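Labels A, B, C and D are assigned to the chains in the order they are written; within every chain, residues are numbered from 1.
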Amino acid sequence: MSINSFGHMLRLTTWGESHGPAIGCVVDGCPPGLELDEPWVQRFLDARRPGTSKNVSPRQEPDRVRILSGTYEGRTTGTPIAMMIDNVDARSADYSNLPPRPGHADAAYDAKYGFRDPRGGGRASARETAMRVAGGAVARLVIPEVNIAAAVVEIGGEQDESRWEEMLDEARSGSDSLGAIIECVATGVPIGWGAPIYAKLDAELAAACMGINAVKGVEIGEGFAAGRARGSESMEAKKASGIDGGISTGKAIVVRVAFKPTSSIGIGGRHDPCVGIRGAPVVEAMVALVLADHKLLHRGQCG
Amino acid sequence: MSINSFGHMLRLTTWGESHGPAIGCVVDGCPPGLELDEPWVQRFLDARRPGTSKNVSPRQEPDRVRILSGTYEGRTTGTPIAMMIDNVDARSADYSNLPPRPGHADAAYDAKYGFRDPRGGGRASARETAMRVAGGAVARLVIPEVNIAAAVVEIGGEQDESRWEEMLDEARSGSDSLGAIIECVATGVPIGWGAPIYAKLDAELAAACMGINAVKGVEIGEGFAAGRARGSESMEAKKASGIDGGISTGKAIVVRVAFKPTSSIGIGGRHDPCVGIRGAPVVEAMVALVLADHKLLHRGQCG
Amino acid sequence: MSINSFGHMLRLTTWGESHGPAIGCVVDGCPPGLELDEPWVQRFLDARRPGTSKNVSPRQEPDRVRILSGTYEGRTTGTPIAMMIDNVDARSADYSNLPPRPGHADAAYDAKYGFRDPRGGGRASARETAMRVAGGAVARLVIPEVNIAAAVVEIGGEQDESRWEEMLDEARSGSDSLGAIIECVATGVPIGWGAPIYAKLDAELAAACMGINAVKGVEIGEGFAAGRARGSESMEAKKASGIDGGISTGKAIVVRVAFKPTSSIGIGGRHDPCVGIRGAPVVEAMVALVLADHKLLHRGQCG
Amino acid sequence: MSINSFGHMLRLTTWGESHGPAIGCVVDGCPPGLELDEPWVQRFLDARRPGTSKNVSPRQEPDRVRILSGTYEGRTTGTPIAMMIDNVDARSADYSNLPPRPGHADAAYDAKYGFRDPRGGGRASARETAMRVAGGAVARLVIPEVNIAAAVVEIGGEQDESRWEEMLDEARSGSDSLGAIIECVATGVPIGWGAPIYAKLDAELAAACMGINAVKGVEIGEGFAAGRARGSESMEAKKASGIDGGISTGKAIVVRVAFKPTSSIGIGGRHDPCVGIRGAPVVEAMVALVLADHKLLHRGQCG
């Protein structure tokens, strides 16, 4: 059991405080012989790097990842893969004198561990997800047959994309924030991944996504719409979805994730009006980790 | 790692095919000295027993649970607690010649394991949840300070309870089925349970509930509503919910679970028009298991 | 993490007090399609059943095992396999008024759990190993290419078999007891099983065997003799043993296990003068469980 | 399940190839509030650093450890503690053209993973143990009530210390090597740590020690001597040892570990005539990790 690791066969352990000297992760159980280098991982990190648009925090970290073990001549060795990102831009000063911020997990964290680390949200900060994205990059190597793509489908209750820019500007200038819903589709997953009852593929996807900072809901396939439907209308009842009884069916797997509005209202400088905007690469990474883990599990038990 | 076990410190392993000779479970890691006897567990099982109303399958199993180990003179010994229910009413004949039923997990199960067990849905059947309820009964002993109550809040999209009986009759006679949404509230959970990042309390509640047969969505607190809100309106942003950053805050924890419409349309005899109706005791049991597990985890790491 | 389960992919959970109503186990992660029936398991249990000679306790349990789940038409289904043995001969009366017996784990058990279960040594009794043997029987199905054979090689320091009968008679009539050393050889293990560092095959064999009741030492290959040798003399240095760097080499794996003398001196009736005599089937079972687990692990990670 | 992690509540994951850019580890589950800084860890590393005497390899790494996460103002935060040592002295050239060396785990490693990493023994090298010693340093903070001390008690079969220097010189000049036996004593362990059957304290100590590079045997208390004794003579039978039935008794726990002779005969420069000499700090570290893990486990289950 590990309270800071994730996965069964392919296991991700992350470490690092946002404003400590570095953040990192260890991926172990990766099969040997897969092509892995820093540019491969960097590419996925760059898709989430803050500072790429006015809608995300203007912190200027380059987020350069280093691979410290687990590869030789460009291929995985089968041994643990350690990756690390040095924290260049600390700016701890901005956070040093703040009282616990509601919704930012400080009060509960404080009570659990007995003190508060004022250095900027500690591990509960969104930057920690960088290492999940790095882990997801490795996971993708295990499942080349699978395509995973996530995108924002709703912001602040609005599905019409043409309105989003305006809504985000309003939120930014009004020191307000917006929730978002992200949809992730995985195609190419063959039939048979997932183990019934307690390593059900959907249950593990749910845990992986609910564990992302700011996520408050996860649904698979029709999700809550199925909870409100009749069998005669429901796609879930008429045809198999991507997951049935916890096992993949060969059809597309659709996961939808709800990000709550960020609660940093009025702090200035580091205000993300919609944390969900950066959620897509993280959701993809977590989905990749779960699918890769299950591919290995299935291969192990059933050959 | 166990693909058929659930939990870290307090661990539940279930076994048994619905139409095999028996179903059972083993709960291990339970603290010693807690009062446990068969009537305590039976009480929770009776709340879910089929045959108690016209809206659930008329199978006449008494579902009598036996405790085979782990107790002495009415108290837990700290060793594994094995529980078992003999399957009295098999009625396998009803299922013996059926083709795979869509949405009933046979096709995926078949492909994964290489054959199909025609004896009535095997483990993917709702009866397997009896052992989860039994496990939940033990878990509740670990967390006497917590009150857990789940109830149906929506059937087929309708929140008005006065309409439900009618809708269920219609569905039954029309060989249709209805989805349902169940809400579970846990109060009395102190601050500090849950471990950030990968054993987040909300992530584990999500996995526990998504793993229940027929569940397609799980949300915590405001859930998907938060995904559609603005920070200025959102309760999640204004005041802490029951879980923040994966750790309990001391406030009520609210989990909402969406059950899809059952896909047994037109089979007759064993037709549940709304499987969600029996979902409340199961959701409570899974929530109890997760909370009890986390109480022990927290005590172990932080004293 | 489970404190009463063993294994990674192929996992064994046992339960049951020796003088409770039954003892049982659950094996999960077993691949589907393997031929498994009760006679197969019974055969291994009969090899360890007490009452087969004057040198073991004259308790008359038939130890009949039942398989309650996980098989269909004689083959494993891939789902958890539950097995159970009802306890026919309790004779609890013999143990009801005893003070804690040194070396029988009562005092430590009592202090840990807060009370003493006087019903005959509880789980610390040698009968609990019956379910390990049952688990081992299932494990063997996973590794048909491997042959595992264990035998007593020393009793009370004596390697000459012709002296054993006499020594055992002396010990029995003098209310004394004897230690024993068992050697187990596994052949046919291909190269590559085991994962370096923390799932080393030898480390896991050590844990599996040291966990057997009354075992005080485990050695692999030359063992302690290597600790006393020079490289120029040592077989370990000259040629690869069955395990090198935690991974199997394709050569025979030799494990030697030391059983301490039983401490039931003078109790009469249930006096095993040498508990090691019954150790061979248990050692074989534990070796089978570890090897099977590692076959699946290797297949999962490396294909 | 993690094949490169060790422990239940207090978990150690190590990474790094001996001749890669760095080696490191992550310790998670450590309780918060314990005083931890780099000098504390460095002290234990210096006790094993090569180059301190003529009998160990003259590689000149300073082995400076850095703590990258998990502490704040000198105390543990309860979050994962990452530690790292940059590899200063590579000298890969010495190893680049060697064929697989018997007993050095290359052939088995190669077959398992499909290639050979010629950079100096990869993970199977003794230098990897540096991170175990670092992990052990953290573990000791969890168990301040326990004293752990290991020492060499035999070299090449000789228990008389006055002969060791001479034997080592002979071995060095004759390009031979010597096995060694290390004895580790832990005092101050209270009654009650360890969980019967599969998380038995002795089984886990056995796994921890057998997993150390070059170890071929582990015994607890009287060990193999008990296997050769009579109950009337045996200390194990007369009085409780430090572990009984897998649970600590409050008495001193004695573990003895056998290191085989190193197989690097004749390579020159990097010839350790007796790898066991450096084994004591590693054995202490592994014993500390197991005991600390079990203290937390016991606290979690039993309060």
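Going forward, a residue touches a chain if its C-beta (ideal position, glycine included) is under 8 Å from a C-beta of that chain, and two chains touch if they have at least 3 such contacts.
Model, not experiment: these values are computed from the prediction.
Visitor: Could you quickly compare B-D and B-C and let me know which has more C-beta contacts?
Guide: B-C
Visitor: For chain B and chain C, what's the span in angstrom between their mean Cα positions?
Guide: 36
Visitor: If you average the Cα atoms of chain B and of chain D to get two centres, how far apart are those centres in Å?
Guide: A distance of 44 Å separates the two centres.
Visitor: Which positions in chain D are in touch with at least two other chains?
Guide: Chain D, residues with two or more chain partners: 1-5, 8-9, 14, 29, 32, 78-79, 112-114, 123, 196, 297, 301-302.
Visitor: Is the chain-to-chain touch network here best called a line, a ring, a star, complete, or other?
Guide: Basically all the chains touch each other, so complete.
Visitor: With touch defined as at the start, can you tell me which chain D residues reach chain B in the complex?
Guide: Those in contact with chain B are residues 1-2, 9, 29-32, 78-79, 196, 296-297, 299-303.
Visitor: Write out the stretch or stretches of chain D touching chain C in their complex.
Guide: Spelled out, the residues of chain D in touch with chain C are 1-6, 8-9, 14, 102-105, 107-109, 111-114, 123-124, 128, 154, 156-157, 171, 174, 176-181, 191-200, 202-211, 213, 216-224, 226-232, 234, 236-240, 244-250, 257-263, 265, 276, 297-298, 301-302.
Visitor: Name, in rising order, each residue of chain D that touches chain A in their complex.
Guide: 1-5, 8-9, 11, 13-17, 20-24, 26, 28-29, 32-33, 66, 68-70, 72, 75, 77-82, 84, 112-115, 117, 119, 122-123
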